[in-house]
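Here chain A shows up in two complexes: once beside chain B, once beside chain C.
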Partner chain A sequence: MRRAALVALALASVCAAARAAPPPGVSLDAGQRLVVGRLAAILAEGAVARQLESGLTTTFVFRAEVAGRVLGGARVDVRYDLWDEVFEVVAVGADGRGERVALAGRKALETWWSGLELVVAERGSLTPPGPRELVLALEVIPFSASEQDDAQRWFVRSFGATAARDGSRVTDPAERRGDSLEKVLSVLMATSIRGSALYSARWAVAVTGGR
Partner chain B sequence: MRRLTTLLIVVAAVAAATLLFQTVQSRLSEAAFAFTVHPDVLAQLEASRADQRELARLDPERRDLYRARFEKLDTTVQRLTVLAHARERLVGRYNTILLVVFGASVLAVAAAIAVRQARLQPRLARLRDALAALAEGRTDLTVGVGGRDVVGRIAAMIEETSRVMARDRRRLAALQNLSSWQEAARRHAHEMRTPLTGARLELARLHDLLDGTAPERAEAMRQAARGVEQELERLQRVAAEFTSFARLPSPRLERLDVTALLGEFVATYGGAWPGVDVRLRPAAPAWAAVDRDMLRQVLVNLCDNSARAFAGRPGTIELEVGAVKDMVSVEVADNGPGVDPAVRDRLFEPYATTRGLGEGMGLGLAISKKILLDHGGDLELAGSSPRGTTFRLTLPAAAPEMP
Partner chain C sequence: MSSSMTRDPIRRRCRIRVLALLAFALVAWTTGATAQTAATPRLEEGRFFLEKITVEGVTTFAPEIVVAESLLKTGRIYSESELRDAVHRIKRLPLVLDVEFSLKKGSERDRYELVIRVRETRRWFWGLDLNLAGWSEPVSVSGVETTSFTESDLFLIGRRFAAGRHGIGYVALGGADGTIQVGYTHHDLFGRGGFGSLSLAWADCTSDDRGPADPSDVGKEGCQTELVGLGLDPTYSNWSATTDTVRLRLTLGYPLGGNRSLRLKGSYRATEFGLRRLALDTDPDRLALVSDRYDVALNLSWVSNSVDDPVFPTKGALVEVGLDAQSLEANVFQYDISGDPLAVAAASRSRQLGVLATASRHWPVGERGAFSLGGEALIGRSRIRDLPGYDLEPLDADVTVWSASATAGYGLFLKQLRTAERWRELRWESSAQLFAGGVAPSLGQEQVPRYGGRVTTGLTYRNTWGVLRFTLSWIGLEATP
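Now for the complex of A and B:
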């Protein structure tokens, strides 16, 4: 009784933490895999909607947890090609199967997204008579690791651009030491360029199906 | 208690400086980063990027060029967008780095000051002890504090002062000693002169009395009288030497180029000692306040001593002019057998001589020393070995004579 109350309290607090977006649906498919769907509302979130057409890769990371234990996760990368005006989307589920599509415009993306079903946990992760509730966590990262690396490298180069602008070789040891120090500083600075979640949410959801 | 207060003041000052630095720096860095990723900048770049696409549509033949430009602009926009996302972290890291650098600098300065203070304390203590010793009248001090900083310079000044004091004391003692000897010489000369005069008169009377004596006897007595006369003359010379030493006049100083003066001396007296080569080393003019005749007397005396030391063998005497601080120095060096160690310590005392009886009173060096001391300078034995002897004369330097 007491345990049930604690679980209820935890779920309530998780629900309170979730943003305005309505929770996605999570179900067990015929193969007893956890599948997440009904994700349409996420794209409508203000910060996410603004980010999608930035040209950077927006990454959606889903994670399914039960009592702090991670059952599995899935990822969707969305990048808008500004020249061709198409969304290049890569969705990878917990089963390792990926889907790569090019969608011409926002409307097509939303249509595709609303029908998206992602496997977030493999078969056997949540088997009866186990718990029928879980926490689905989502983090939206505004750029990919490669874009982050590229920006870091660019920052490091730009930091030392003054010394290297004329392309002349530096022969003075004191100047070389100065350059080394500059490089160390620029690397220290660049390592702080990391993507923090643009949007995050945690939903307590009841698992449907699979009985 | 006082140290604790000082420490607290230093800590408070460092904390205040750090706080002020952090406040100012964070404002500046935030502003700088905000400018770098300003929305207007991004908007302009995005517009340019869109323009390339439009240009490609209007001018399909140059599509590749516009595409390349588009890609370039796109990359820049993306990088700036990433920076804009990470702006807070970037600014935070920047401030942290600067704060660490500032803190390290402050600590380094504080450490340097602390180390300097720690090193300064014993040096100041040595300085204090040296000053106390100087105040007590001790001379020829060695402070033992090196360095070119203020403390080192003060230590050098203390050492120099103590050296000057020691030199002046030695000169004073020498002058007092010589004055006593002069007084004694004056009395001796006076005491000798009266009986000498009487003896001479009696001898003249003896010559008169001999006129009536038998020729053989008279001749023998005249010979004895000549012998007595010669001894009286020698005593007369001794008395004259005493008088000359006792009545040594004060120098009449004039501003002279010592190098030129020595040149004249070598030209005039260089050949006065057979078999002795007197040379002057080439040197720049050195002006000093000198009594020309007295300095010549000293040089003659020194050269005469050297020539005697050569004992008929050929030898060389070399004169060299130099300058040390506010003094002009003249070194007189010979290649003789050196000064007898038995008289070296009392070389400048009157009657200190290695010559036999009747070969001199041993007043020459005492007179020379007195002359140099009266000039405000000194005469010292700079070195003596079986390979030669060097005397050093010092004279107060004077400003060069204006043409």
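Now for the complex of A and C:
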């Protein structure tokens, strides 16, 4: 009884948070990776809009969760160059692949955002007949790109050193990443970026595709 | 012999693993370790030449104070992480609830105007800190009775006012230091971003109108009751005041760049009459009347502070390392409960000099939570003269004093409303602390716990007027004979 009440409370809180914006679409692609798309038009939200125009970095962090377990995540860093009047954008999915674009003006940013598709969890994170629903969380954080720099350097250094000690051939960074490690990294990335969010939302979404 | 030989390599391996783990933890601590792949593209950190700094949203104090506290100067290039640190510095001002940075185009390409938008607190402020504590051992706070349940409440109400371009003054009633407090803080001291703060507090602790020097004050409740450190009073005693007491505090801070600074804190308190009571002893004969008490404390520390919020920290670290000097002088008159004198120790005095280090770090957990770890360590030398000990004989000793504590805490925001019109936050906070301390060589004092623990949980509420805190604690002390 108490458990049922807790579940109802959790669902109610998720639904309440999600009322702020329509939920994005989450689907399994041909490679069984979780992809998020149809992103809500949150760029016009008061605090988010102000931060985007501030000339300083704004970071959008996505996290995919099932029953409190983080499957993976993705992030988008946006900074408006006041002099060139372009938004410099870098989007990175859970697979480590990224996209870097320069968008001329707010309209172009919103168009790009609405068409954006991001891998939020790698293959095997959510395989049929596993759960077909998950919680997608989004946090919008100022300044976080710079906070990540040290952490990023530390990890690259640590991992590089380990590989070198093992005598493995280190040419392309992609070569030294196994699937399992990649998964761990995407989860770490999704769970490590935190800050005082300007905006946050959680959506309970049904996963489509992948049957 | 053979068993020790087989155990040694195991121990060594064990030691190496522990050291490796500690080294890993240290690296993780210092770098805020998280992970991301090497091939991941990223947005390079922005760097900006600031030709102008503008402050908006400030009505109750001068904007120069915000600029001074940011430590940002025009005509220099700053990275985003340096700007973020400046945001945190400004947010730690007691006048500021929140702050936002934004850039505007400057007079020519790649020059910028930094706009600092401040959400300030009110001129009037209040605070309430209510704690209910249960103890594993009966304790005496100040009077004759011992109790396993104590209650402390501090209420403060006051008003801030601007004093020139770099100054802020305040007047307050209540609080830990006294009935009336006046204070002044000067920012951008000597034009170098430092600050100086001076406060004077007067407290009326008169217990009744029979005259403060009357031995019948023994057993009465006092005010400003506090457990004095073992380096100043190795008997684990509470000291309190029963007459007027005056306290002067001075703090000077000098920035060393980034989040680092040098800080000097001084405090002087004079109390005409008061009480001294062994905290864990039920024998009323060990209750003393104190006169002409003077407390002096000086602390010079190197400080590194990157904590994002002074009331509700969610990330960042605070490290303080420095020299700590304290002295306590008083005449101690030992009476029994009927008022008959047992022992007199005129001009007892204790002095302690040590190295004090404190550190804490905060990590965000989930969307609304934060986890904290902290610790404090003190080691020093202490000289104690003519202070009545447990057996009423005057203590006369030079000792090494030490203490250490470790705290783990978790805070969860239950409510966070931060809009232009309203600002309300409610956080549930819990912590667990272990502490230990002592003097060497042992002075043979009884009823002095060597270690203990404290578990606290409660709610803290903050709005534009002030902070309200209600906590429940359980304190366990090592049972002594």
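The working rule: the second predicted complex is superposed on the first by the 148 of 211 C-alpha atoms of A that agree within 3 Å, B and C clash if a C-alpha of one lies under 4 Å from a C-alpha of the other, contacts with A are read in each partner's own complex, and residues count from 1 in each chain.
To be clear about the criterion, a residue touches a chain if its C-beta (ideal position, glycine included) is under 8 Å from a C-beta of that chain, and two chains touch if they have at least 3 such contacts.
On a predicted model such as this, the values are computed, not experimentally measured, just so you know.
Of the two partner chains, neither chain B nor chain C is touched by A:G105. When the two structures are aligned on the shared chain, A:S200 is found in touch with chain C, with no touch to chain B. In the superposed pair of complexes, A:G209 makes contact with neither chain B nor chain C. In the superposed model, A:G31 lies in contact with neither chain B nor chain C. Once the two complexes are laid over each other on the shared chain, residue contacts for A:G115 go to neither chain B nor chain C.
Look at A:R79: by the touch rule set out above, it reaches chain C but stays clear of chain B. Comparing chain B with chain C, more residues of chain A are touched by C.
In the superposition on chain A, A:S54 contacts both chain B and chain C.
Counting contacts by the rule stated earlier, residues 54-56, 82-83, 142-143, 147-148, 150-151, 154-155, 185, 188-189, 192-196 of chain A appear in both its interface with chain B and its interface with chain C. Per the touch definition, chain B reaches chain A in the complex via residues 49, 53, 67, 70-71, 74-75, 77-79, 81-83, 85-86, 89-90, 92-94, 97.
Those residues of chain C that touch chain A in the shared complex are 27, 31-43, 45-46, 48, 79-81, 83-84, 87, 100-105, 109-110, 112, 308, 314-315, 363-365, 367.
Within the complex formed with chain B, the chain A residues making contact are 54-56, 82-83, 142-143, 147-148, 150-151, 154-155, 185, 188-189, 191-196, 198. Chain contact summary for the complex, chain A toward chain C: residues 50-51, 53-57, 77-79, 82-83, 88-90, 92, 96, 98-100, 137, 139, 142-143, 145-156, 158-160, 172-174, 177, 182, 184-185, 188-189, 192-197, 200, 202.
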